[in-house]
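To keep things simple, chains are lettered A, B, C and D as they appear, and every chain counts its residues starting from 1.
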Amino acid sequence: MSLQQSGDELVVSEDPLHPANLIPELCRGFYQLGWVTGTGGGISIRVGDKVYIAPSGVQKERILPAHIFVLPFPQAAPSPHGDRVFLRRPSLNLKESACTPLFWNAFDLRDAGSCIHTHSQNAVMATLLWPGDVFRISHQMIKGVRLGGMGKALSYLDTLEVPIIENTPNEEDLKDSMAEAMVKYPDAAAVLVRRHGIYVWGSDWEKAKTQTECLDYLFELAVKLKAANIPLVKDESN
Amino acid sequence: MSLQQSGDELVVSEDPLHPANLIPELCRGFYQLGWVTGTGGGISIRVGDKVYIAPSGVQKERILPAHIFVLPFPQAAPSPHGDRVFLRRPSLNLKESACTPLFWNAFDLRDAGSCIHTHSQNAVMATLLWPGDVFRISHQMIKGVRLGGMGKALSYLDTLEVPIIENTPNEEDLKDSMAEAMVKYPDAAAVLVRRHGIYVWGSDWEKAKTQTECLDYLFELAVKLKAANIPLVKDESN
Amino acid sequence: MSLQQSGDELVVSEDPLHPANLIPELCRGFYQLGWVTGTGGGISIRVGDKVYIAPSGVQKERILPAHIFVLPFPQAAPSPHGDRVFLRRPSLNLKESACTPLFWNAFDLRDAGSCIHTHSQNAVMATLLWPGDVFRISHQMIKGVRLGGMGKALSYLDTLEVPIIENTPNEEDLKDSMAEAMVKYPDAAAVLVRRHGIYVWGSDWEKAKTQTECLDYLFELAVKLKAANIPLVKDESN
Amino acid sequence: MSLQQSGDELVVSEDPLHPANLIPELCRGFYQLGWVTGTGGGISIRVGDKVYIAPSGVQKERILPAHIFVLPFPQAAPSPHGDRVFLRRPSLNLKESACTPLFWNAFDLRDAGSCIHTHSQNAVMATLLWPGDVFRISHQMIKGVRLGGMGKALSYLDTLEVPIIENTPNEEDLKDSMAEAMVKYPDAAAVLVRRHGIYVWGSDWEKAKTQTECLDYLFELAVKLKAANIPLVKDESN
């Protein structure tokens, strides 16, 4: 198979901002933040008609450009055997990410350019300390988060809402409940998965990443506020 | 436009201690410390008649010298359209920092050479656990903090005071209340903003940074002391 | 003594994935994670008929390839003086790891390819907060852990069990109780040592490392859940 | 003044393990660990008849070999003006460390080869949560600590004791009470200073550093045990 046919040229670039170079670099940063411990979590970046995704079940801090999957956007019809179609698969026995259908929710329902999944303990704790189907916080530094993840920035006077869905044994099975939550909460920039983690999106990788950081900061703060008996939504304390 | 006219020469230097090189390096360190998560926070450095400031709304750990704004000091009269005057603006669609008027408080009211703004959770928690308009601590390692941020170092026997002002939706609107707090507490080396973060200054970037570290250390310790029911000011426990 | 006879050639390689290069690199990472503070902890890697082990009592973040011990696998009969037989000993007054017999449990009883020992505070706290002889958790991200450390991945619906054994003054004396726990809990991927740390294994260094990360993540989360009065096993809360 | 006379040759070496190169490297690591935040803390290394010490009041993560002070050992009689005698002073307006007399306690009373001072919050919290004049812990990983900091390693069955002295406004004034505590507790490898930090020593920089890590690990664990109502000394719980 020639280089052209293999798709390997899709992940070879000298530009450090090319998705095949960015994803390994960003995943190393996510590892330092405790977001992708033990192979969990990852990131997808969509540029034009291509989606770049990190592989599943590997050490995220050791990904190389050669490990990246490239998929067509919009999604191609599955093969006659029901398999997903790829523009490029790494030749290293790597498995595609089980998060793929969930990343696609962000592309299809929000027109996002990037989606990040973390197993951050701050996110998990938020889903356990607030047992309802939505996490709410106000009067904190929420202005780094955008309406629906894509629109204008929230104001200090808004209340940030992140829906929480229940976990399932297989990551793929979260697709429908995540989509429902995104429709029910059109202003949400993310969906929490109880006892599991979070999906956050943005118009590009920078906005997806900075919003993931803002949300994680808020979850971490929320856990501390809970321990100190301080309500998350200011009005509740009146 | 020639290089001379564009002001680009103001941010090109081989000296690692030139403000245009220092600000990116320091911001990477602040990111590791959790002070500038998700684009929040920043630093300004004043050298002679120039002030160097990081842009707004960008990933602080990825700033480059080419991203730095340079302003004249003292501040030039606004343009006929009311716009701030710059010696150099980055040509990258970057927005000037909303903290600019707050940094200027430190330059004007204290003759500071540098001012740092963080969203550190330790500072935010301090403003929530101590609901009054001033944070006080004594008999801890406060001797890294200077009187008014600029004078002689505090002694172990002094009580450190940091005024707390209330947050506003727009960062610029903090200018007056921050200035008032600085006048009311002339010995304070910083101003806390409730549910938001802190502004700390010093005679140069080194003293601004080490005082920010000392204060953040004290806020972190204060939160732990509160959880352990140990008073912050020693006399109160008598 | 020639290079051939000294065994030094066993730890010289330009391949960054050679065990003699990997062990120093991995130990630097373990140090960052707080797993091998103050010379504690370590890792062994078995490749074919050789076992590579970090030395005892040294700063784990400063190990060099030249410091690595190489032992034959299966273990050679001890020398007439009862000494362990080595294929290569570093010529630097370094002591063999006291963990050697414990690493061997993983090789002999599970056919593991790598075994990691940490003094992680998360593991130690888990053994103190749950005083019985087994740590159990369910409905969290346990799918990064494999049955017996070597088989198929656990499901979200399984309950993860890690046996806990009591510490002894000499590390070597843990060999028998660790082996007993491994036989009693054939599905366990690790053995906790109360007031001391944990031993985790896998079919190769990657699986040993990612399982150690998953387990440490779960212990850290468990400590937080305990402080928040949330049961570790979901059914118990019904 | 020639290079010979200035003493500059005492801090120029290509050996990364030369004290003038090691101290900057170690201080960068201490900064990462939160031990020397905001210019606090430091390290001294004694080799033969020379003592190398980091300067006071500077950012410890930015020290260069040229910043290091070199003093004679044993200490030379003060100058007619009462000034300390140096083999080499940096020509950079740097102040000698106020810890010098305290480091000397370790050299004189224990024949130590290195002494480390930190402002670690774990150490400070230990002095606040245990208000007596000694910190005690048993049945944890104390075997990384040596009798008196210099002798044989403690056993798992021993009880580790670290005396606590009261802080003074001037660091130098701790000299006598630190010396008294060292005489009263000859087996102690360190002295805690209430509301301030700790001094730890060892026969060389490696043993001073690994013992500082072990002790800091134990203080951190102790704070967690206190919050969970678990006694530090096992027998007390019977």
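Operating definition for what follows: contacts are C-beta pairs under 8 Å (C-beta built on N, C-alpha and C of every residue); 3 or more make two chains touch, one makes a residue touch a chain.
Note that the structure is a prediction, hence the values are computed from the model and not measured.
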Fill in: Angle of the C-alpha superposing rotation, chain A to chain D, to the nearest 5 degrees
180
Worksheet entry | Shared interface numbering between chain B and chain A [over half = same, under half = different] | different
Worksheet entry | Farthest chain (mean CA position) relative to chain B | C
Worksheet item: Counting in whole Å, what is the centre-to-centre distance of chain A and chain D, each centre being its mean C-alpha position?
Response: 45
Worksheet, complete the sentence: Chain-centre distance (mean CA atoms) for chain A and chain C, in whole Å, is 32
Worksheet item: By residue number and range, which residues of chain D touch two or more other chains?
Response: 227
Fill in: Every chain pair in contact, whichever chains are involved
A-B, A-C, B-D, C-D
Item to complete: Please name which positions on chain D make contact with chain C in the complex.
Response: 139-141, 144, 155-157, 206, 209-211, 213-214, 216-217, 220-221, 224-225, 227-228, 230
Response to the item:
The residues of chain D that touch chain B in their complex are 37-40, 59, 119, 121, 124-125, 128-129, 167-169, 195-197, 223, 226-227
